[in-house]
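These notes are about the structure you will find just below.
The chains carry the letters A, B, C and D, assigned in the order they are written, with residues numbered from 1 in each.
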Amino acid sequence: MRSLLLVICFVFGFTATAMAADVSKLQLAGDLTLTQARTVMHAAMVKAEAQGVPMNIAIVDAGGHLRAFERMDGAFIGSIDISIKKAMTARYFNMSTQDLGAASQVGKPLYGIEVSNNGLMIFGGGELLKNKDGVIVGAIGVSGGSVEEDMAVAKAGVSSFK
Amino acid sequence: MRSLLLVICFVFGFTATAMAADVSKLQLAGDLTLTQARTVMHAAMVKAEAQGVPMNIAIVDAGGHLRAFERMDGAFIGSIDISIKKAMTARYFNMSTQDLGAASQVGKPLYGIEVSNNGLMIFGGGELLKNKDGVIVGAIGVSGGSVEEDMAVAKAGVSSFK
Amino acid sequence: MRSLLLVICFVFGFTATAMAADVSKLQLAGDLTLTQARTVMHAAMVKAEAQGVPMNIAIVDAGGHLRAFERMDGAFIGSIDISIKKAMTARYFNMSTQDLGAASQVGKPLYGIEVSNNGLMIFGGGELLKNKDGVIVGAIGVSGGSVEEDMAVAKAGVSSFK
Amino acid sequence: MRSLLLVICFVFGFTATAMAADVSKLQLAGDLTLTQARTVMHAAMVKAEAQGVPMNIAIVDAGGHLRAFERMDGAFIGSIDISIKKAMTARYFNMSTQDLGAASQVGKPLYGIEVSNNGLMIFGGGELLKNKDGVIVGAIGVSGGSVEEDMAVAKAGVSSFK
């Protein structure tokens, strides 16, 4: 059992320590780490597999910059950009893309907002990642299935994040 | 030992089977799979860790589209785009970015090519991924250190691919 | 009191004189000055502070080009672009973004205009800056809260401008 | 003298306190504040005035996103984009644009890097902003005069930052 843990550690955990000293000058303390992003990615992937619909999954940090991305076999090529934009959109406006979308429908106050920032995504599938204190440290964006399926995968990723 | 393999399978291998039927209609047989991309990513990461310089690592499929991406803690934000463009550039011209760069220097035949395709990268760090028969199935792009360091990580990824 | 004014002058007013000779050849007489833009920015900021919602505030000149910009702590990252685009949009069509938006709704004459000019903003928060004679010399764009909150800040900026 | 300080406080200092509670969830602790950006902007402006060449000055936060911008009367319209890109470039690669440029000249390893990231600036005038512990929290970009003049203004901004 111990060797199992060591293997898992080796596979997932080897990033954090080796370069900690330098890294502390290069990104703000508290920003999303790669180790955290992998945990979120894994949880989202487990949900996507369970649903059986191939997905693109993107994770961004507090600055809205890509941290991790995976495209499942057979997932839409066109959803690469959508998943990344969903994650960015959520962080750019500090709310889920579903909530932003609700305010951007025909006749709603933010109608037309999607042409800003080189293209925002205003339907569900982008969710915020917050730490234990409620500080926003990143976001996840998912695209590949129905909006409901995308949202379920994004929320599975969020649930894994503490 | 068997349970260890099962766990590893669960962690890395769960993608391939569940949706195999549909996927066979959605992407070309022999195209880079997510499982393969993860193997390449892992090998590249091991090398990057050993070098101690934080990297952005991107992997694209035979169509030149993003398959997997990871940014190590403290890696340049500006290298997200560069690593992806290196991988795309290598696949777009079926040669390493180093080789393309050699032909694109001042006074050389392809001088100026880098402004095409929304920006190509014409220095080392983008390498092709070929299967056992020499068929190009994707590429890896690495950015974050010196060109030599980037190339070493990209080649470590390539070496893991069979 | 005199020395106070001198200090204020030193802090805010030092732009106008030193390079006046050259500047008169470089921008149209009557175009928005940096000193004026700062006055508008300050008035808008006072209103934003009073509302307690963090804002992005952008000011453009008669050519529609950015003159001054500030993002309050915690204001949406995605509103950098929106505030600038609101200011540009107002000047590009010589009306508030609210008025342009009213003409751009589904079924209205300008439906779809927002995809022009690399993305226009067609909801409130962009207002014209006119001099005493009613000549348009620039615009202000505000983004960060509800459309009503954005508009209130933009109008506070306009009110300060004579 | 006291009333002078009160006025200065009113003008420059009113941002920090009012919305501190909410802001702490919306941007990472330690990221560049607007108050800090204004101090840097002011110091850079004083230097620009002393040089007598009209400048565009842009300041970005740790995520590379615009925090503050001012264009002096008569400053190049084309330098709006250049000043912003200089600040972003410095943060994206954690070095001054002068240093990045030195590695990107004809025959150098990073030749051609400038076409990435929607256009990088690879000549002097972009400098990092670091806190007392050496953590990178933003950058300043200056454009309007000779490269030497731009760099002098950027460095004056950096010097004011503690």
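List of remarks:
Throughout what follows, contacts are C-beta pairs under 8 Å (C-beta built on N, C-alpha and C of every residue); 3 or more make two chains touch, one makes a residue touch a chain.
Since we're looking at a predicted model, the values are computed, not measured.
Over half of the residue numbers at the interface between copies subunit A and subunit D are found on both sides, making the touching surfaces mostly the same. Subunit B has its Cα centroid 21 Å from the Cα centroid of subunit A.
Taking each chain's centre as the mean of its C-alpha atoms, subunit A lies 29 Å from subunit D. Subunit A and subunit C have centres, each the mean of its CA atoms, that are 34 Å apart. Shown for subunit B are the residues in touch with two or more other chains, namely 77. Contacts between chains form some other arrangement here, matching none of path, ring, star or all-to-all. The set of touching chain pairs reads A-B, A-C, A-D, B-D, C-D, using the touch definition from the header. Looking at the complex, you find that subunit B touches subunit D at residues 76-79, 81-82, 85, 101, 104-106, 114-115, 119-124, 146-147. Residue ranges of subunit A in contact with subunit D, taken from their complex: 24-31, 62-65, 94, 130, 133-137.
Taken in their complex, subunit D has these residues touching subunit B: 63-64, 89, 91-94, 106-107, 109-113, 115-117, 120. By the touch criterion stated above, subunit D contacts subunit C in their complex at residues 3-4, 7-8, 11, 14-16, 18-19, 22-23, 25-27, 33-34, 37-38, 42, 45-46, 49, 52-54, 63, 65-74, 77, 80.
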